[in-house]
Amino acid sequence: MAPIRKLLIANRGEIALRIQRTCREMGIETVAVYSSADREALHVRFASESYLLGDPAPADSYLRGDRIIEIAQQCGADAIHPGFGFLAENPEFVAAVAAAGLVFVGPPAGAMAIMGDKLASRQAMVAAGVPVVPGSTEAAADAATAQAAAEGIGYPVMLKASAGGGGKGIRVVREAAEMDGAFTTASGEAQRAFGDGRMYLEKFLEQPRHIEVQVLGDRHGNLIALGERECSIQRRHQKLIEEAPAVGIPADTRERMYAAAVDAARAVDYFSAGTVEFLYVDGEFYFLEMNTRLQVEHPVTEEVFAVDLVEQMIRVAGGEELRLAAGMQPRGHSIEVRLNAEDPQKDFMPSLGTIHNLRLPGGPGVRVDSAVYQGMEVTPYYDSMLAKLIVHGSNREQARRRMMRVLKELHVGGVATSAGLALTVLQTEAFREGRYDTGFLERFQKNGETPARDVPDDLEEIAMLVAAMHRTHRGVVRVERSDAGDGLAPWVQVHRRNLLGGRTSR
Amino acid sequence: MAPIRKLLIANRGEIALRIQRTCREMGIETVAVYSSADREALHVRFASESYLLGDPAPADSYLRGDRIIEIAQQCGADAIHPGFGFLAENPEFVAAVAAAGLVFVGPPAGAMAIMGDKLASRQAMVAAGVPVVPGSTEAAADAATAQAAAEGIGYPVMLKASAGGGGKGIRVVREAAEMDGAFTTASGEAQRAFGDGRMYLEKFLEQPRHIEVQVLGDRHGNLIALGERECSIQRRHQKLIEEAPAVGIPADTRERMYAAAVDAARAVDYFSAGTVEFLYVDGEFYFLEMNTRLQVEHPVTEEVFAVDLVEQMIRVAGGEELRLAAGMQPRGHSIEVRLNAEDPQKDFMPSLGTIHNLRLPGGPGVRVDSAVYQGMEVTPYYDSMLAKLIVHGSNREQARRRMMRVLKELHVGGVATSAGLALTVLQTEAFREGRYDTGFLERFQKNGETPARDVPDDLEEIAMLVAAMHRTHRGVVRVERSDAGDGLAPWVQVHRRNLLGGRTSR
Amino acid sequence: MKYFLRSSSGRRLEVEVEHDPPSTFRLRVDGRNLRADLVDVDRQGQYAACLDDRSFAAAIEQRDDQHLLVTLGGECFVIQATDEREQAAGALASTRPRAETVKASMPGIVVRVSVTAGEAVSAGQPLLVLEAMKMQNEVCAEHVGVVSTVEVSPGQAVAAGEIMLRLDPPAASRPAAPD
Amino acid sequence: MKYFLRSSSGRRLEVEVEHDPPSTFRLRVDGRNLRADLVDVDRQGQYAACLDDRSFAAAIEQRDDQHLLVTLGGECFVIQATDEREQAAGALASTRPRAETVKASMPGIVVRVSVTAGEAVSAGQPLLVLEAMKMQNEVCAEHVGVVSTVEVSPGQAVAAGEIMLRLDPPAASRPAAPD
């Protein structure tokens, strides 16, 4: 295999830009593809070359695997990175890329196919000795079959799309009476999202934690675990806050979990970056699924290990041997908050609009993986994630406080975002102490628990007074700050007159 | 001593904001002071409280130690952090702070007084067994005295301000005939900058490297070295690019340098953060001076050690024992570029104006310590540093390429900056191989050496074509993108009409 | 000028504002006097605010003539600021009971409508499901009320801002409905 | 429209531009045809540019009607773009020899003046020292020439843009002075 010199990135938004950044650092030319909704996007502007795919709807653009491969061939790219979402976990696409004589920056199609089939992967994991959640071994095409399986497992059960991922097509069913409705909705969602409405069942574990292990392998059989991430702050199975390392997992359990993750990957001849997700309950862990791609929350792993996972993926795809040794130790603690354009006050409805009045955070320990810019349209066509805010601290408490600081420095005008909710969650006692599970956010929102927040008591009053002042002086300040002269502010002009020996009016 | 709960930051710009950020993370209230030129500055906006000091000139504002102490007392602050520059190395101010019953976040006045006097510090270092540059042991008040001393040392010599720092009042004198003019200029500069025109002489070392060691101590006698920084990319003794660790220093020399730095600090009963600067020539190092304050380039040390130096300073000032152990190992490599509002094409003349069209970099391994904002006036009153760009990589080459990427993502409109020069320097073979000394930048600019740059050959032609298009369509696009309707772009409106079953014009 | 302020949490405040251009203000609130200062930093919504000696980095977005979104330290407040004249003019109007409308906050497809006209609904009750951005979103009632009309049906595409449902206040509370 | 382009490095280019609003262009340069696209992203100077299939994040600042500062990939270019009419009108003017002025680029204090009227100076020769921002800055001649007048004296405060010195082109080269 030859090193990759020109890479087509078959994605958009934050992750397309993030992959590009690594390419630019590696001296690799980048090829962007875009829908007509993304002509101005940063991933297009910062690419070496860019090609229009089609209309905004994903089916007309970012899911057009045939067109993407054709572009890659025509422009002389030698590889394709799928990012996450869209074509990232589509084994047919991987096969088509290979058939076109291009390198796919990701795992082999075979591993992807097995892990993409929830039932096949469960069977493979059982064979490899990886602990799995008790559940059904066959797919259910209708509610009646599902109901029969549920009786065997015992309620409550999780109803999951066989072809699923990313939280879509998932429902908890607590009793037999709920199965019919739940199956119809979830199966419909799965059909629309994945083109496959079949479901399977798992025992619903009460208050589990979502812990996942990053794995990384090459084409030469080297395979390592690169620590774990805690991703239990989620709603509707969409993660909001992630951190690394996870709190309070005994060292020997951690080691067993890493070994299980490596076993899981090895069982499907995995290479490239991947994530083995576990449910963690009462000190035991159960294989949930393997995401055969770069994960949204990969930066927290990068921060604590000082490793660029995208670089590693590209090197491995080009045939290099993995140079990272097993047993690397994380340093400090990292937290990520997903900044989504959605309104937590309106049940997380997507919030659309034009981004303005943008103020991004900075300073020590702060990384912003963002595709947001002043003037950006947030459209209904794609995922609502605008940016990821990532902090690193020498310990968890410093990282937590740093993220609070970051969320207070941040401002995004034009749309509602998840930032305020994340700030609230970070201030809860449960989060501070690291005692939370996947049900935390739902309980928190339902119970309306108010954490001790470190804001002044009269902040709302201040905001009201600021509003009154704003109404009063609107327009006045603009006139005052006219760009007369050389564009310096009035006080500079006054001072300059003084300096020049003119009036000394102050 | 009690922990610090409310801290006045007697500074402005990037460093004031950086100190505040740590305070906010530690739950410490911040008090900002500002001149009338800085009313809108980020360090004022993000403070808990803020107080006007006076007119823009430093003598009327940030150098008003009396007024600053008065404000601290009146508002109930229990400590003052001076940042760097202004009052940071003024032992009388330190004494006055203590006399007012406040804590000074920095070293003891005694250490500062000795290290601030270049001659006294040389004597102290000799006594402590720290190697110093050969030179004069007494101050010269006039050119004739200096000339006599220079004969003893042998030309070329460095003429330095006794009270100096930051590169001001420094001249190289290569032969006796130059002494008169050099003394007059340098001494005049020193008189204006420090209120003390006395000079002393040192042997001028040919092509030395500037290597400095970060030290950190507490009030309980603990004192450690926290690695070194390489700061040889400088012009007129103003640093432009800094990195940690330094390249190609043998391990035993490094250890001896750390030990010498700790000895230097211990000789003056040092605590808090400080920097011991060495000249490094032919494998040997010589004490140059000790900066008794936080250093501009402290972030590169923070990045490789994952330590917040400002936090450490605050804890130590509050009486805590240092919890960091000696012998900590750096991880990866960090590079900082100072973004100054100055024009390298015009001999680094300060560039004034209003900041607009600002695009800050982001992504993996990137830290931006900045006080820049859209609409900021760059005024003539203060230092020209706008921001610091800091990268961290798992090795030096990754850090170097990352910084190149960062400088290409960055854009600052309204003023000329040092970014372009930094980008050029990073691409030279000398920098890439880590072979450079303090004369590098001057030689580089004089010889007009053109490094192999990784930009397309026809980039200038592209820029010219972009200019032509801009002239053609100016105004047209603005009309097209009017905020008619709900502010969505035309293509969204078209698509929406399609979605709603209206016209299908595309 | 006197302003009547109301936050989205229901807090009310009256303030007398004297403006000393360009950026200085004297405020009188609850018998207290405050010095204040508000500077437009970038003409794009970033403001430097001071109240007495307290400092704030404020972000302000205007929703309409009276409603402002004010963000301070990561906390977002929707403030209605009504001046004396507007208050006098609006006093009568606000005592009338008002029907509420449920609008689509984004373009999407109506998947399901769970209520019918005439049906009483409780606060938080699901009204319909809207699919957008690849997610099915439940739209719920914000307050108790009675469905007056249903304007959409399953499968229908709606634009952002389009009215999907109308709610009347519950019969008993209509005369005293909060504005 | 035809444009005559000149970069600060002295490179010249002629381009024929056809604009297909809002953002598409056809360019003809040196007998080659290019498809191009330039979109104003934020109305503040950020542009998305494409030439054929190559992508660029351009920052554009206008200095005056003809001069633009175009930044691509961290490289900054000052481009003069003159259209056909301007070129025709300016052709005559540009052949006249022009005096140059040395202006203060920032407010400061003149510390020293190193030349006198009538003195011939070489490119890069120090003319005077201006103290500003705590630094002494040497102001040097950009081209060879003859000092025509000195407008400032040591100790004098100057404003940004204030003329400090005037230079004539050297006598011999006046008729053929570069524009």
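We just call them A, B, C and D in the order they show up, numbering each chain from 1.
Here, a contact is a pair of C-beta atoms (placed from the backbone, for glycine too) under 8 Å apart; a residue touches a chain by one contact, two chains touch by 3 or more.
This is a predicted model, so every value here is computed, not measured.
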Third chains touching both chain D and chain B: A
Between the pairs A-C and B-C, the one where more C-beta pairs touch: A-C
Between chain C and chain A, distance of the C-alpha-averaged centres to the nearest whole Å: 31
Interchain centroid distance [CA atoms averaged], chain C/chain D, Å: 51
Where chain B and chain C are represented by their mean Cα positions, the distance between them in whole Å: 46
Whole-Å separation of chain centres (CA-atom averages), chain A against chain B: 35
Of all residues in chain C, the ones touching two or more other chains: 39, 43-44, 46, 49, 54, 56-57, 107, 160
Multi-chain contact sites of chain B, meaning residues that touch two or more partners: 46, 352, 373-374, 404, 408-409
Chain-level touch network, classified as line, ring, star, complete or other: other
Parts of chain B lying in touch with chain D, wherever the complex brings them together: 168, 185, 189, 193, 343, 346-352, 356-357, 359, 374, 380-384, 404, 407-411, 413-414, 419-420, 423, 455-456, 459-473, 476-478, 480-481, 490
Of chain B, residues touching chain C in the complex: 32, 39-40, 42, 44-51, 75, 373-375, 486, 496, 499-501
Contacting residues of chain A [partner chain B, same complex]: 17-18, 21-22, 24-27, 36-37, 46, 55-56, 299, 302, 306-308, 310-311, 331-332, 352-354, 359-360, 362-370, 377, 379, 392, 394, 398, 401-402, 404-405, 408-409, 454, 487-489, 491-492, 495, 506
Chain C to chain A touching residues, read off their complex: 1, 3, 5, 7, 9, 11, 13, 15, 17, 19, 21-23, 25, 27, 29, 34, 36, 38-40, 43-47, 49, 51, 54, 56-61, 68, 70-77, 79, 81, 83, 105-108, 130, 132-140, 160
In the complex, chain C residues that touch chain B: 37, 39, 41-44, 46, 48-50, 53-57, 107, 157-161
